[in-house]
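Pasting the structures in now, so scroll down.
Presented sequentially are two complexes of chain A, the first with chain B as partner and the second with chain C.
Let's turn to the complex of A and B:
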């Protein structure tokens, strides 16, 4: 066999594989989404019984859905309010620790990402029982913050690695106070990352299931509600909700990617997820 | 410490240390230690907690190892999670290599955006999609019956292999990105040199690409295994009473059996399994914790 034809065979294999992989990735989601518009009472796309929007209508009248959305927003806001400052403080601290202490501290601080989410939920639940605090949105905030703060910390840390230390030194030499250095140099330098960290923290919180499962008490979040609906009370309204979820996700992903590309240097390859470990959504590499 | 104070000043340093300690101790370490403490105590009525019967014991652990049913579920969860990890690696290594080395930068970018979208979609939705496809009246059964291959629908849901398939689908992208990230730094000249010297394609992967990708493979495997072993959504949506996952056992100890101590013991075992897996991967791939948690 000559070299050219073996290359052609190889290329068609690769193409076949790519098509198969992306079909595998997207077709199930498309199939599920299509069922949201089918008149059938059980969520299915075949047999097609006619186009309808009634399942979206059903969502509007679902009061449980709206209250769980409210809880999700509340928990998300709480997580953002805690994990962004925690991540910022921890990253600044790590930045100046000695190498050996830093490695240890860093290991402890990223460990929540390497643990199953259920463990974080369980340990939070058990710990707060000692103070007579039961499950609820506040425990959901605390349990989620445990690992979401790690992502925020990693994002700030990546940014800090690009900080020119002479800025700070120059400011201090010129007589700036520590507060001034923080307010005029560090915080403006870190501000774009803080916005990114807040977005990631919110999305992580919004879609979290495993950790929330053990601590939500009676404050059901939207993800918990959705999972419950999938298991009992399944109608195509669940698909309608899924379609909305997917559309929002796609919008967020596209927006995020677009923003990052606008910031990235044109020659650089995209790095989708430097911190792509754990249950993460991609954390943008700064 | 002095460097810190010199750089940030006393009050700011104090704030940074305080905030970090609240997080690491208050949210992470103390809850973990409480959970471990719970796991070594008997389940007692509220009145007897702290009383003479509240002593350290191994009974929550010996219970698991004396209960064939739970022990089977525990072993099956570990074994199946390993299968998920291997399968995810097998199907995504070629993709990661293609994205990093096999195509133009422009096309790789486009494909990566296409990967990021499902990566961001909630795992419950991704699993739900497969539930509809595999249900009794779902897509696959309908198609097979239409084609006359079967006359009775096949029961997919509630079987362990179905859960494994569902998990591969739900977690495969956690394997793609870490491997892609390291392969992206592979020097193209090395691959070309090997090819010029007559190395066949499998040799290039075995001797150059795979060794280079080790840290990424380790991270991908650790993430995938942890997600699979700790998954609750996939086994509850695609599974049934015959295919229980260890997380479901833990959940039922907490919210059905109301035996938090036993639940804590089971949770700690799950954590130990994941830690052991991390250590094994680090040894196997000779990577340090710093590289893994980068």
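Let's turn to the complex of A and C:
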């Protein structure tokens, strides 16, 4: 009897905790999403002034926003194209180094992550000015890659730590060249991580503000554009954009999970290390 | 199928920093032989294997395979195939691609590879497992995939690094017979690394007993057991009662040794001379509970009797508290011995061997 009641208490406590946890996560999103359908001129849910879709209409007609979104996608793609191969090569290099040298090299390679993004942005600008290269989407790509490549490197490195060194030796013993070992053993092993790293790199790029701020030149990215709007006054169109991003994120997550389960069905198979770094689409503050 | 090639080690030494893993080893392994390196972990046997396969170059000395000096040839350019302790199968490839990996590296066409892989899988009795994933196979099946994968490249020399140690006892015994059969069928030279004397004794044509990077003895299994060359070999392979003392008498083939337990006689196994410190070894199954025996006689106290069915292990204690083991056939008349206060243990001089004092194996 006593044990039963203590279990009930424990279970209701866990339930309460879960409710609080998810409320903390999702209430702001719901609150903000609701604002997208409010007739108020400012992004707010209260006072409720009636349902409307006009902000989606306004969003659709905001050509500046769409071009900045285009820039964000362009920069994101560029960052993926650079960061994933650089991260892969850095991780492979670490894999080959002697232990003592490896610790040093690793420290150097992760330092951009610890450095404030503002410094990376300014440094990139100053460095390229020396070569007469000014701000723009290409410089945003380079600036962001300086630290996003480190994230990719860390992901590849984590995967490489689970690489069985005897696979490589067995392949060599069976007559493989080092190139063949890379193509047939290492790269297939690292492929799931490459996909994960590409996603993380893209999300990191997409949400980046403080590094990009110094190097975007005239190619405003979405975060830069939205931050600029804060000064002149935000409208619930921003919330409408958030609603779209939230829906896209949820759809992508569901699709990914569904595909993963479909793949895992035949038998237990090592699941690719799931990335838990980056956040979902950027949500501007109210 | 390919026919094996010989492997010569010429004064091979391997140093890692200050540590000498293999110390001036010279050895000739014949083509088509099943040869085992037997020794405790850390004795250098795996290092020898890695030098033959090409993963390590010796610090000094030469490795010759089929008479050709292998210096400078990496593992991918030697006619050897290594079966790793953990098998090192490729988990992302189906079984047949694992088997055909070496052929793929040689540029064989996919359909030909597939055909060859199926043949090899048939050879190891895994005919319908080609499309399975490695993860879905049992331990014994993986073992056979590893063998098929190694055979696919038609090696002249197959190197096996304790490949059975991960299997349970029954499967291990089954795989011993299977490995031996595959070796006979293919004629490939097998070089087998193990710390399990049972494996070495049952499978090998010859055994090299190793300790601390040196060869203690290279001989046929029965010779290693019956005619151990060193105290280490005598104590590492099989059980032995060991008596230490000093040589007090010499005849044509026998020596007489003064021990704590009286004078004993044994074959002279190591060129012993008058006054030398010596160790006398006698196997439990060649010791008996009897009054006779011209080798030695000890009045011992019975500590324990282990009944094993067809034979019985007796654990006894000599007057100087040294433990003594006797193994005897079960002749049905044991009851009265348990009541005896002291038991006479004796052995024939022919059954015992005396060697110069030396290091024993820790067991």
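Observations on the model:
Please note the rule applied: the second predicted complex is superposed on the first by the 213 of 286 C-alpha atoms of A that agree within 3 Å, B and C clash if a C-alpha of one lies under 4 Å from a C-alpha of the other, contacts with A are read in each partner's own complex, and residues count from 1 in each chain.
The rule is short, and it goes like this: a contact is a pair of C-beta atoms (placed from the backbone, for glycine too) under 8 Å apart; a residue touches a chain by one contact, two chains touch by 3 or more.
Worth saying up front: this structure is predicted, and the values here are computed from it rather than measured.
In the superposed pair of complexes, A:103 makes contact with chain B only, with no contact to chain C. By the document's definition of touching, neither partner reaches A:255: not chain B, not chain C. When the two complexes are overlaid on their common chain A, residue A:177 makes contact with chain B and with chain C alike.
Of the two partner chains placed by the overlay, neither chain B nor chain C lies in contact with A:244. Look at A:16: by the touch rule set out above, it reaches neither chain B nor chain C. When the shared chain is aligned, no partner comes close enough to touch A:64: not chain B, not chain C. Greater residue coverage of chain A by touch, when chain B is weighed against chain C, goes to B. Once chain A of one complex is fitted onto chain A of the other, the partner contacts of A:167 are limited to chain C, with no touch recorded for chain B.
Residues 177, 269-270 of chain A lie at the contact with chain B in one complex and at the contact with chain C in the other.
The residues of chain A lying in touch with chain C in their complex are 164, 166-167, 169-177, 180, 184-185, 188-189, 267-270. If you check the complex, the residues on chain C that touch chain A are 53-55, 74-77, 80-82, 84, 86, 88-92, 101-102, 104-106, 133, 135-136, 149-150, 152-153. Residue ranges of chain B in contact with chain A, taken from their complex: 3-4, 7-9, 11-12, 15-17, 19-20, 22-24, 27-32, 34-35, 38, 91, 94-95, 98, 102, 105, 108-109, 111-133, 135, 137-139, 142-143, 169, 174, 177-178, 180-181, 184, 201, 219, 222-223, 226-227, 229-233, 236-237, 247, 250-251, 254, 260, 263-264, 267, 270-271, 274, 278, 289-290, 292-294. Residues 10, 14, 17-18, 21-22, 24-26, 28-29, 31-32, 35, 42-47, 85-86, 89-90, 92-93, 96-98, 103, 105-120, 122-127, 129-130, 142-143, 145-146, 149, 168, 177-179, 181-182, 203, 207, 209-210, 213-214, 223, 226-227, 230-231, 238, 242, 245-246, 249-250, 252-254, 257, 269-282 of chain A are the ones that touch chain B when the two sit in their complex.
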